[in-house]
Each structure stands twice: as C-alpha cells, then as structure tokens.
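Since the structure comes first, as structure tokens, the remarks are kept for the end.
The first chain written gets the first letter, and so on, giving A, B and C; residue counts start at 1 in each chain.
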Amino acid sequence: MDKKKKENSIEEFTNQEYKWGFHTDIEQEMVPKGLNEDIIRLISKKKNEPQFLLDFRLKAYRHWLTMTQPHWSHLDIPRIDFNDIIYYAEPKKKKEVRSLDEIDPEILETYKKLGIPLEEQKALSGIAVDAVFDSVSVGTTYSKMLGEQGIIFCSFSEAVHTHPELIKEYLGSVVPWRDNYFATLNSAVFTDGSFCYIPKGVKCPIELSTYFRINAKGTGQFERTLIIADEGSQVSYLEGCTAPQRDENQLHAAVVELFAHKDAKIKYSTVQNWYPGDKNGVGGIFNFVTKRGKCDGDNSKISWTQVETGSAITWKYPGCILKGDNSIGEFYSIAVTNNHQQADTGTKMIHLGKNTSSTIISKGVSAGKAQNSYRGMVRTSPNAINARNFSQCDSLLIGDQCGAHTFPYIDSKGSTATIEHEATTSKISDQQLFYLQQRGIDPEDAVTMIVNGFCKEVLNELPMEFAVEARKLLGVSLEGTVG
Amino acid sequence: MINLNKEITATPLPPLFDDPLKDFRAAGLKRYSLSGLPGKKVEHWMKFDITPLKEISYTQAVKVEKPLNRNANSFDEICDRVEMLNGFIDTTTVGKGYSLSSVSTEKGREKIAGLIGTAGDERGNYFYNLNSSLFSDPLLISVGPEQSGKPLYLSERISGEDESLIANPRIIIEVQENSSLELIQSFSGSSGSPYLNNSVTEIILGKNAKLEHVILLEDSHKAFVFNNIFVKQSEGSVYNSQTLISGASISRNEYDITLGEENCETSLSSLFLGKENQLHNSDITIHHDAPHCTSRTTTKAIAGGNSQGVFRGFALVKKGAQKSDAVQQFKSLLLNDTCQVNMEPHLEIWADDVKCSHGATVGQLDPNQLFYLQQRGFSPEEAKKVLMEAFAADVAESIGIDLVSDIIKTRIYRLMDDLYE
Amino acid sequence: MLNVKDLHVSIGENKILKGINLEVNPGEVHAIMGPNGSGKSTFSQVMAGNPAYEVNSGEIHYEGKDFQALEPHMRARAGLFMGFQYPVEIPGVTNIYFLKNSLNAIREAKGLQPLDAYEFNEYLGEKMDAVGMSRELTRRAVNSGFSGGEKKKNEILQLLVLNPKLAILDETDSGLDIDALKTVAGGVEKFRNKDNAVILVTHYQRLLDFIPPDFVHVLMDGKIVLSGDSKLALELEARGYNWVKEENGID
C-alpha cells in the first residue's frame, strides 16, 4: 500500500463520528445563568439542604473567589467564563417519582439508547446503576436489594436527607473544600452524584455504577460522589459518561472522594467518553475532575482504573493517600486522544504509613493533533518505612502531528522507600501492521488490535462488563488513524 | 555591594578599551531586570530553595593582582592549564593547539563579541542573565584541527577572606570542525566567607567536533556555586560530560544542550555525593531539534546527612526530529532518613518515530547485601563502601579522558569515605 | 496460480530486483536460492505487498488477477501466506486472539461462516498437536518472548491454521536446530497437496532434504540466473555459488 492510501486512511480514522452525540428533547427546569451567592443559596434551597451544607458551599465559594484558574505547562485551557454557565438543570418533574418505572419515558429512552436500561425488570444484571441526568440523579436501580445488606446506594441529594450524619462526617474529608480551583468550585455548586456506604464486613455482591449524562445546553455538570467502605468491606464501582454533540464547550467539574477504613477495599473504574469536540477542535467537554481516595485504615486498598477517550480537555489525577500501615494504592490508566483533544492525567500517591505500596500503570495513546500528558507524583514521607512504588508510563504515538509528554515527580524523604519509575515512547511499527495485514487483518482492525495489546495491562483491571465496552471504545476512538 | 533581591547595575569592563560587549551586557542587564532570580513559586525551583544566597550582600570580585601561589595538584603534569581567579583570567600554561582570547587585545574582543551568547542567549534564564550582566573577563578557548595532545585543565577559583564575593566567570569554548578537546573544568575556592560563583560556559561544537568534558565541583562547604553550561552542537558532533559534585552548600548544574543538526550525540553522567546540609540541583535540558540524534543522561546521587538533591531531566523532541533516541536514567541512594531527593525525569515528544525512555529509582543500601558482605568478613563500613562504589561505578567508569580517569576515580572513592556516618 | 513477469523493485534509490520471471502452478514446490543480498527476501515481501518496497515495473498475477492492486490483507484473504524470516512481536495481543481474527477474516472473504470460540479452539488444538506446540503458547502475546525456534514454529502453525493456496516461506529454516527443522518441514509436508503451492526461499540446501522441490531457482543480483530441478540444489550445496557467478559474469 502506498503512502497516499495510508494518509487517506488516517483521515478516515480521524473523521469518525461520536456515536453518543444525540440530544434528548425534554422540558427542563434551570436556574438563571451565572455564579453568585444567590445562585448557591437557590441550588441549596431547591435541594432542601440542611444549613451545614449551605455553609460548606458558601465557605468554598468565598474561598474560590480568591483563587485563580490554574495554568499548567503543556495544557492549553481557554479562559472559562464562569458567569456564562447554568449551574443547575433538572428534567421537569411531571409528578413525584416513586419507582423507577415512573421516570419520564424520554429519559428512560435516553439511557436505553446509551445501553443502560433503568426499568427494574430490564436492569442490567450484576450492576446497580445510579443515573445522573444533568444536575440530578433520575433513578437508582437495585437500591432495595442492596439495602437489605445494609448497603446504602443512592443519589447524593437523597443521602443528604437520609444520612446527614455520614455526609457531615465524610464530605471534604479526602478532598478539602479549599483543595484546588475546580474542587473548590465544585464544593460551592455541586448538584448531585452518587453516595455509597458499605457497612462493616460486607462485600458488595454486585457492581455499583453511576452513569453521567450531560444533556442541557449551556449547563455545567458538577457532580459529587462519596464512597465509604467501612472496616473489612469491599466494593467495586463503575462510572460512565457521555454528552450530546455541541459547538460550545461544556464544563464538567466533579469531585469524587473515597474513604477506606481498616481492611476495606475499593475499586473504582471509569470509562469516560464525554463528547470530545469535532475534528477541528470545536466543542467538547472540559473535564476537570478531582478524584482522591484515602486509605485511612491499616491494610486497606484503593484501586483506580480509568479509560479516558472523551472530552476536549481532560484534567484529572486520581490519587491515593496511603495513611494506614500496609495500605495499597493502585492507578491503572488508559488515555486516548485524537484530533485536537488534550489529556493531562496521572496520579498522586502519597505514602504516609509503614509498608505502604503503590503501583502506577499509565498508557497514553495520541493520534491526530492531540496532546497527551502523564503528570504524576509519588511522595514518601520519612514515616513511610519500607514504602514501595512502581510506576510505568508508556506512550504510543500514531502520526507525527501529535504530542506525548511524561512528567513524573518523585519526592522521597527518608531512606527506606524504594521507588521505581519507567517510561517508554513508541509508535505502531510498519512491520507490525504489515505482519497483521499479511494474516488477512485489515489495517483498522490491526491498529485496534495493537492499541488493545498496548493497553492490555490496564484493560485487565477493568470489571468484565466494562472491559468489553472499553475495548470497543478504543477501536472507535482511533478508527482511521493508520493505514 | 550587590544584593540579589534588588536591582543591580552592570560593571563595565576596564575603561581602557572601547567595549564591544557593551550592548551584550546591556541586553543581559535588561533581561535580568525582567527575570530577576526565581522565587519559591516558580515551576522547577519550588524544591530548590535559593533563599540563603539572596540574603547575602556580595562584593563584586575583582582581579587579584598578586595571587598567592596555589597548591600544586595532580593535574599539573598531565594537563595544559588555564586559571580563572575571581572570574578573571589569571595564569595560562598552554601548549600548541589552543588559542586563548581575552578582551585585552582588540582581536580577542572582536572574536568574543562574535561568539558570546551563541549557545546561551536563546536558552538561558535567571542565572545566565545575571552572569550576562556582571561577567568581567570573558575567556575564549578555541580549538582547531591541530591537536595539543594534552587535556586542558580549566580551574575556576574564588579567593576572598572576609567579604562575600560574587564572581561571574564567562567562558566560551569553540571546538571547530573535525577538532576535538579534552577539558577538565574545576570549581573551587577559599573557605573564609560564603561566596557565589555564577559561572557560564558556552560551548559551540562545529561539524564532527568532539568534546570530552569532566566537571569537578569541589567548592568549600560555605559556597554557592551555579554552573551553567550551554552547548550548541553541529552535525555529527559529540559531547560527553561527567560531573562530580562534592562541594558547596548550595549548588546547581544547569546543562542545556541543543542537538541542532543531524547525527549529534550527547552523553551526560553525573554523581552527587551529598553530606551535611548540602543542597544540590541538577537541571538538564536536551533539545532534540534535528533527526537522528542520540542523547544519554545518567544522574546519580548518594545522599547522606541532611543533604537534598533535586534532579530534573527534560528531553524535548521537536516536531520532525524523527529517529531521535533519548534515554534518561535517574538513580538515588538515600543513606538515612533525614536526606531527601526529588526527581523529575520529564519527556516532551512531538515526533512519532522516536525511541525515548526514562527510568528513575530511589532506594537504599540493600540490607541483604550488607549482611551477605558482613557474613563474608567485611566490616559494616567496608560493606557500605563496597555497595556505594558499585552504585557509582558506571559514572566513575564513564570518565572519557583516559589520562585523568584514574585520578578522578580515586577521588570519587575517597569522597565516599566522608559520606556515611 | 502465480505469474511474475519482468519484475523490477527498489527500496529508495537501490534497485533490488532487476527483472524476475516466475510461474508457479498448483501442486508445485519451488525453491528460490541465492547468496545473501541477492534479493530473496525482497521477492517474498513484494509478493505479500509490503509497502516499504516500490515496484518500478513488471507484473504480478495471481489466479489471473492483477495482484499489485491489492493491499496486503486482501492478498492474504485471496490465499497468499508469507512465513516471515523475522516474525514480528506484537505485545499484549494474544496468539489465540490474533489467529482467530485472522482465520475468520480469511474465512469471511471465502464466504464461510466465522468459527466461534469453541470451534476455533478445537481446530487450533489439532493444528498445534501437528506441530508439537505447547498450548501455553496460545495465551502468550504474538511472538513476544518466543525463542527463535518457537517463532518459526508459530509461523508454521499459522500456515496450517490459515491453510492458504500459496505459501511463501522466507528463510523459515534459518536459525533452527535439526529437531526444529524437522518439525517445520513436517508442518510444510502436512500442508502440501495437489491444489496448493509452496515457494521456499532459502539460503541452504538442508531444508530441501526434507521437502524435495520440483523446481530450484538461483537468484543473483536481482535476477533468476539459473533454474533446474532438485539436483541443482545439491550442486549448489557442494560447489557454492561462485561458479554460477562466474558462468553468468556477475562480480
């Protein structure tokens, strides 16, 4: 095959379309555009929140006003007009929804199209879903069944009313309200998200998941998720996201906090597929997310797995604070960028306790004119006796217009820590492509196959149901980049 | 008096001459007035705290008219030598093969004016700007195809007893097409008061030129030493350097290497032996601007006492620089729980057909290995030393100037004796 | 089946093949021999359509169709298999996944139903036994961490699994010990029948002891300078290549 064909094929690949870009036509209730204390009070009032939560929001907002938008090297974040955003949008309720079957059929249809049936009888087996539509949770499946084991799985807003004591204790305990620009903004204006509590000794029998959908125009989504795993409990949690195709950039600034007590294990998986913008870089979601887990108790474990294929800009560094002795933090990441997408992602592993260990496996794939950066920090304190870290960051480049960058930061104080970091950069070799083609596999499938192979160590970490979806997504996100 | 927190004024050259570097210096001063020195919040300087050196009022070092006899050293017999004292050219004993120029002749002034800033202006920042404002007696070493046969020993010394001196030595090294040079550059000074040696060395390598560069930073424990090296490489040229850092209270090695044309090679290795409260920063940037270039960086540290090493490596592969091959290795050995290291092996890649990798490790002496050696009769101290020597061996072995490699190896192993408590 | 006429090929500025003519019919085994650098591997790569090589002039017809218009995967689907001299490693992609996709792509092109996982496993198992390969190798990534012998066996396994019409084996015998060579030869013998054809590209005679060719061609300086039957191979083994050079006036 000649050069020209190869280039054509690259073009086809980069031109491929976002398949989740439809818009649901539904009547929505919104607050006026803009950000001020009145809006925050209004959101709080709409949600009928207790005073402590309003105080938390206002404290964060006032602090946010003193902060400036972060400027990062190799990441081009346009200035965002925070007064041009609608901070709250919810589907208009026709009546009080008492069971999932009473949800607006339009919304049910939306989730069905996305492959997430919400009706009780059709719900995905083995996965409980909390569906968040713009600013509110529209329904949670299996919550009754889970309730029988003492597991609380509901929307954040619901938890505020049913379990205010847990919210009060844990909200901001891992990501403080003054943590960073976007987390502080979220603390002021967050609307909904999922809440999950696994009681002592309970191993959650099914996967829990949240499916985030941005639908309304001009809105931002500011979700807040809190997962608490009590002593000896275990939970695996999945998160998925999509949004309609639009010319404007929409802001998604989420905060996720995980709290693991003694002997608890939390596995958190994300397949992020927000609308990435078109091939000229117009539109797409700005995804600024603060995710952090605290291994508070001894022998606890938090594992992050992410597949990031969407968004115009991804800015997230899911981290672990390894406070408990023998606690374990893991970060497995695949970030795929194409066209004009920018991904700046990585992790922070903070080793405080004895014998703590962390593993970081990051796979970045860039194609088109995209930017892909790994930015990660590993820190060991003198008390973190025998702390261990292993990091591996691999980049795969498809085409010569993209960039791949690796920015690890290693801070080690004290003599007993062992830290290892490795990074490589490679491209899909012509020999590999030719070999696969010689065996009858067409070039696009060959690329997908090689990329899947490159990402394998991370894909293996995903729960089965997600792994299949993620594999497909990798193929779709990169279709047409090579011939 | 010069206070680095405040504005500075440039020192003119001796007024005898019409100063052709006036404009260059004025430009440097202008740049410095904009950049100043980095504060604590500037990226890459956050972990390297230079506050102590800003708190001192310095006296601009002046030419020492009748320098005291310096002590003979082990390089004397085997090397040609050039001495820079307080930033001024002092004695030179060089054979054939080099041409040395200073501003004391008109021809020298012209040559220097023609080359100064060639390697540094595009890349340099804070301390480069400071040097460009205050340098006093620039030295140009030019090497042509006629070889000297002996390595060149370039000694930068600061001498002052009661005052805190600031000196800004400026050196330009030009290795012409198809020529080569072996250079040993050492930094030292008297131990009375703290001083700041802010040295800039610009290296310009012609086509197929080769420079073997050994750098020894062995200043007094009160000194602040900033060694700023800018290298600009032409097609097929080779730059190899090995750096040993054992002195100074606060020190920084900045290497900025531009692989500007095809088939350049560069290989840097350094070893920091940290003790007491030493703070060292090594910042290496390699610009892969052209295709088919190779770079290798090995940065090692053995940190004892309360010492801290801040290491940053940055390989930047420009668009179109296909077949770039860049490898960075960072390895640190921490000897106790009061020392620390920060490592940032960064890669920025804009070309797809490249081989780039980096690795970083932090560890300590392996207790199993220590025990094994002791079981075989080594004392704990001997066992530690054996393992430290093994850790540093590849840097020690990489010394590219055969005539001096044994001297330097011996020096490395001797310095290790001071490291463990 | 395969008809090559006056084929000229270059890589960049270098002319490698300078007018090759070759006809291969079903049921035949051809050996292409020649010293290093004569263009043997280039010939194999060009037949399989490697885009790194540029065909300057000449024709390649396969089953009456112009082969040059087809991309490599379409040639494979049309029944051409090339055993690589240096099989390529593909990290993370398991052998079994790769082979199943490959086989089903080729089956689909033939208008056959794809095999499901169960059927494929059965089928693959038989073939693996035939070349004496450990099942464990199917779970490993394609050629990654394989020894030289394992890689070549893996090529023969693929030959049996994909069952092409025309197999071009590029130096499949190089770097093999005698046991591995026998396994490889045994695999090729199993593959052979009256409907398919084999081109063995090789440097040495020893593979031909196990697989007697119908035709032997000597490739030198980009041309086939001499053709004959299997006796020619023995003569080359005994006398080397120099006499051929001299007779044909090549330095």
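Odds and ends about this structure:
We adopt the following convention: a contact is a pair of C-beta atoms (placed from the backbone, for glycine too) under 8 Å apart; a residue touches a chain by one contact, two chains touch by 3 or more.
The structure displayed is predicted, hence computed values, not measured ones.
The most central chain, judged by C-alpha centres against the centre of all protein C-alpha atoms, is A.
Ranked by number of C-beta pairs in contact, the top chain pair is A-B. When chain centres are set by their Cα atoms, the one at the greatest distance from subunit C is B. Put simply, the C-alpha centre of subunit A and that of subunit C have 48 angstrom between them. Rounded to a whole number, the gap between the C-alpha centres of subunit B and subunit C is 56 angstrom.
We define each chain's centre as the mean of its Cα atoms; on that basis subunit A and subunit B are separated by 44 Å. Under the contact definition stated at the top, not a single residue of subunit B touches 2 or more other chains.
Interface residues of subunit A facing subunit B in the complex, by the touch rule stated above, are 73-74, 380, 382, 395, 397-427.
Against subunit A, in their complex, subunit C makes its touches with residues 48-52, 71-73, 75-77, 81-82, 84, 87-93, 97-99, 101-103, 105-106, 109, 141, 158, 162. Within the complex formed with subunit A, the subunit B residues making contact are 43, 47, 319-320, 322, 330, 332, 334-364.
Taken together, the subunit A residues at the contact with subunit C in this complex read 1-3, 5-6, 429-432, 434-443, 445-446, 449-450, 452-457.
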